[in-house]
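Structures follow.
Shared between the two complexes below is chain A, which pairs with chain B and chain C, respectively.
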Partner chain A sequence: MKLFKTLSVAAMAIALVATSITGSTASAASSLKGKIVVNGSSALLPLTLQAANEFKKLNPKVKISASAAGSITGPQSVRKGIADIGAVDWDASQDVPGFKKFDGQVAHKVAVIPFAAVVNKNVTADNLTTKQLQDIFSGKVKNWKDVGGEDADIIVVNRAFGSGTRVNFQMKALQGTDFISKGDNYKEVKSSGDMKTAVETTPNAIGYMDLVYVTSKMKAVKINNIAPTEANVINGTYKVWGYGYYMTKGEPDGAVKAFIEYIQSSKFQNGSLKKLKFIPISAIK
Partner chain B sequence: MQLETSVQSLKMGTEESELGGSIKAGSGRMLDRKNRLLFYNRSFKIACIASASFVCLVLFSILFFMFRTGVLTFRDVPMATFFFSTDWSPENESYGAFVFIFGTFALTLLTLLISVPLSIIIAVFMAEVAPKWMRNLLRPVLDLLVGIPSVVYGFLGLTILIPLLRNITGTNMGDGILAAAIVLTIMVLPTISRISDDAISVVPRKYRDASYALGATRFQTIFKVTIPAARSGIMYGVILGMARAIGETMAVVMVIGNTPQLADALFKPTSVLTSNIVMQISNVPFDSTWNNALYMMGFLLLVISLLMIVLVRLLQQKGAHR
Partner chain C sequence: MLLKKASIVSVLALAVGVSAVGAASAATVTKASAVQVSDSTYIVNGISVNLKTFFEKNKTIVSVRDLGVSLGASFQVTKDTIQLKLNSHTVELKLNSNVINVDGAEQQLTVPVKSVAGTTYVELKASVEALGAHFAKDASGTTWIDANLLANVDQIQWVDATRFIASQENESGRADFLVDAQTGKYKQLRISEGASELVVAPNGEKAAYTSASGEIYVISFGAYNAAQVSEDNSIKTELVWSADSSSIYFLQGDKGSVIAKLDPRTKGITKIVDDKVDYKANLEVSTDGKSFTYTVTKPGAVVADSSKPVESDDVAIDMKGTEPQIYLFTVDPSVKDNKAVKLTSTADDKVFIHASPDTSSVSYVSISNDDDAKSILNTVGKDAVVKTLFKEKDVYQATLSGGKWYLLTEGSGTNNFVYSLDPATGAAVQLYTLSDSVTEIVVKEGAPFAVINNGRVFLDINGHWKPTSL
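For the complex of A and B:
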């Protein structure tokens, strides 16, 4: 018993000293303190984590915890007060297909995310017009020969309803037209990774994903004769891209404001953000 | 230390009187020791009861919360629509879960159709036919198979099984109820065959001897005597496998195609309760009918698997009576 008491006293003393030491070094570096919780889109998570690491080095007293589920959880968590920042692939302060706007939330653009329509390697068609894309994804055109390919059934691979990529692709590439939801040659997948596997391994498949996920084992088609490249997004010819947003409840202040400003700073946008293959928001005119 | 004990004995004052004269008659030291033991015994008992009731509490609160959220579905959707409509398009306010309920039962049935005969044959081989060294090798292998995470099976199904099915049958996609059933079969095979193996092994030797004495062949003995005698044990294995098949999510979601349409063909992308929940739950708005409907589907799954467990218990009791 006595030994235990001495031990616990010693442990307490060590803990006290330790906290006072770390506390003093922290206050020396920055006066900003607080806790930031980020939740939402998994597409934006790598960006958030990278920014959080760098931001924490500059502001050791700020704690940032980031997690991701689906885009819609971002603004929802903000509304419920669970998170300070909700990462989402569309502007959640406005109505988008399938989702109502979140009143009282402010959207902050943090990155530009390009999307590409991708097909299996065996598909010969390499250019699709907006009309052809609409017809394929709404199920009106069922055979590749009708859109400049060989005589084979088109396999449509779609993301599940609620995916941020799906919302963006529907708005930007299909200009708001509806997807098919049934059929023998139609399936839905859960994530960008599953989409990649499905398009790579299924002959005659067509799908869509973030441009950064496109691999050499599949083909990104031209849309209206414009190739999906970063350069074409920046010069304004390739239209299928969206902003990644951080949603906050009202205008942010304190640590949250500083964090969003850090992510939007040209140092981060042109440095780490580019390395993660997003496009800086300032690049878009 | 001295102080603590005296405090305890004060607290335990009521118990002291219950124990009667023997303690009172003892010396002061004895009294302390008795009280201390009494205190330890009591607190251990309380800790045990608390742990047991905690488990029950967890189970009932899970059931309660799933039901409470799930039942809100029926504020907006008539019960008949939810259970019997095949139109699931939450974006248009249609919440018919029949496709998924049907899919779950069809998938489980198909899985059992493939896996039960196979498992019983494997079990018979291990218990009756295989030489001892092979038996000793096969049993640990099957035990290891039980422990493979389902996502691994799903991944192999997606990258190997589906292209294979596509090549063999010439279908366009390969996704569907048959692919899922094959993956599930591989998953539940070890469970069913190991339990059946144990059940067959414990059939008393005299049954077989009697059968042979009547002039039965080995085949007749196995299928007319041994397997019927091990029936309840085999059923136990089948139901455990069935429960695993019904609740399996990750492996299924990767090969079933995830499209809300009725599974009326082997190679048609479809969806079951588990796969639909995991596909959609991260993308639904809180407090929406859609969210509630997914909870209701989860509650249905819970009820189905609880019924399975009750069935297993009943069978076990029946087996014990034999």
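For the complex of A and C:
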């Protein structure tokens, strides 16, 4: 660089005259140190690892390792003291269908996750009301002809107990009513990937998943005549969505607090979080 | 990089080792009635100019005409009133009055507006600020006056030797501006809402980004228009331009598992690596487009028995081996089942990872598991042998430009140092001593050296730190 030759005489010093400097904690020269362990939701793992990759450039001495084995293992790991952050698809500081609240844990919103009810491409019904969804997933309605479709048995595909998607779908789409749990036309799957395969390949199937996982080989149905789109979540008309949370034992401090603040920052929320097709928490008014 | 704003913008004092062009370096002294008018050097809109000034009551009083012309203000002169307009501000001056009218409101001056030898003079700093322009004096005596500087810049990246992109982040999204480094003049780039960060092409003519729905767009800096160059709307976690700025490589999927190449002319996408290995990041491509380096981060292993009651917390996590490792993939159709080569297997954390243009080596800042150990610059070659390039100071940030590394490191006490390092010889030269409030250096070969200090951008222009954003 030509410029440097002219400066080789002496190093330049920037000295700050004013003493009232605040907010310099985001320094690349950050003195923040520590190790952060994040465990829990599979849906939130890509978000956590992306944020970790970026956060480390601001705070190189902070190490972040992440793992996922389903939402419930997040707050469990925090309670057990083997993780600093439990990633979970519901607010685990509150009781939800199937799970009691985790006392002493604090929930931090990190993302908005829309969910969709999905059917196999052969299903002609393209709109279901809350009542129809409740009846289908509880096993009361067993044939598509009773809910605006062809005469064919409905195959219900459900996520296994412990899934954050299941908790959200039950709370938001079914308004807390119960699922059927057995029968010839009932299938239970362990992951979003298995759900995708099951709905794509099983004629007359209905299931549910994160909106971002919906593929062109299936159909996401309208709920109460509202299409499951990001825009409809933001404008408040589509109700089947939830927040993704980071749970901590009490209020966080140090590196954990800084990492949560980073993932909640407008830079990350409007940048990488959107790129990963989550909805920023600030988009919900 | 995210930069936090200081709530109070500090005055930067520049103790410059090289001889400085002082603002008060009076050249010509003109005798005029009771005051001594002199030509003083200021840097206005990035250009060194002489303004007629004199001192009174500890204030610098400037020729209204000189100041207005150099700032680019418009004038309207009536009998005893001068009206100046700049940045949508209107300032009215009345001869012999110690009150000026700023956008309809009266403002008190210490020294009344004066006429000296037929020229009207007004307080310099007060009138600059009344016009919404910016006044900054550094410790070397240099005064920078800028008609309009961009505020609240969160990050910058160089486009070429004279222009950079400055980005502002806020609740509703991001705004990107193309900024002229010398004058500080800027123009907003119109890109779609929810777009990703801009990735500038090596030729400096365009940048790529992904839209909120996942398609790739390219915006031209000449025509300022963005064109959609991919139909594919899958999640793309990173974009990388080819060295000749003709194609765009990207990591595809929410887990960044696939390395793919887009030809923007045909919108055709070719998969290059699809090895089902998740969480690739830090993708770099060799100049010939045949070799790819990246990191892979392995999530931890969890054992949880869901048949046990939730209260039993039957969960175990093993985070061994989750540190990022560097991989190299070379396209070679003659090799059956061609696989990426793992270059590192060490348990250190690795950040600021960059490959040499031919990907013959990859360098990175290595962060030890020992909290008290210094972070050092390491390099690894195709033989997977790791060598240390720099270990003298704790390395905070490292960036590669023109084949050289630039390191922001700890200094001695309350300052930071900047080194340049030639990876071929290992020779490190200290370039700057900076305040420890400098959070980032932004380097491009041929462009001024940029630092971010308390959220403000400063450029090294001939040995002076030019304030380039507010």
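What we mean here is this: the second predicted complex is superposed on the first by the 257 of 285 C-alpha atoms of A that agree within 3 Å, B and C clash if a C-alpha of one lies under 4 Å from a C-alpha of the other, contacts with A are read in each partner's own complex, and residues count from 1 in each chain.
One rule holds for everything that comes next: contacts are C-beta pairs under 8 Å (C-beta built on N, C-alpha and C of every residue); 3 or more make two chains touch, one makes a residue touch a chain.
Quantities reported herein were computed from a predicted structural model and do not represent experimental measurements.
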Mind working out whether A:252 is in touch with chain B, chain C, both or neither, as first, second, both or neither? neither
Using the superposition on chain A described above, determine whether A:244 touches chain B (first), chain C (second), both, or neither. neither
Using the superposition on chain A described above, determine whether A:99 touches chain B (first), chain C (second), both, or neither. both
Which partner does A:76 contact after superposing on A: first (chain B), second (chain C), both, neither? both
Touched partner set for A:228, first chain B, second chain C, both or neither: neither
First (chain B), second (chain C), both or neither touched by A:265: second
So in the superposed three-chain picture, is A:155 touching just chain B, just chain C, both, or none of them (first/second/both/neither)? first
Of the two partners chain B and chain C, more of chain A gets touched by chain C
Identify the partner contact of A:207: answer first if only chain B is touched, second if only chain C is, both if each is, neither if none is. neither
Now for A:45: first (chain B), second (chain C), both, or neither, which partner does it touch? second
Common interface residues of chain A - those touching chain B in one complex and chain C in the other: 1, 69-70, 72-73, 76, 80, 99, 160-162
Using the touch rule from the top, collect the residues of chain B that touch chain A in their complex. 1, 89-91, 158-159, 162-163, 166, 172-175, 253-254, 257-261, 265, 267-269, 278-280, 282-286
Could you please specify the touching residues of chain C with respect to chain A in the complex? 1-8, 10-18, 139, 154, 169-174, 194, 196-197, 210, 212, 214, 235-237, 254-256, 279, 281-282, 297, 299-304, 306, 310, 313-317, 319, 322-323, 349, 351-352, 365, 367, 369, 371, 375, 395-397, 402, 408, 410, 415-417, 420, 430-440, 445-446, 448-449, 451, 453-455, 458, 460, 462-463, 465
Interface with chain C, chain A side, in the complex: residues 1-4, 6-7, 9-18, 20-30, 33-34, 37, 39, 45-46, 49-50, 52-53, 56-58, 60-61, 63, 65-70, 72-73, 76-77, 79-80, 82-83, 99-100, 160-162, 212, 230, 262, 265-267, 270-272, 274-277, 282
Given the complex, residues on chain A that touch chain B span 1, 69-73, 76, 80, 98-99, 153, 155, 160-163, 181-190, 194, 197-198, 201-204
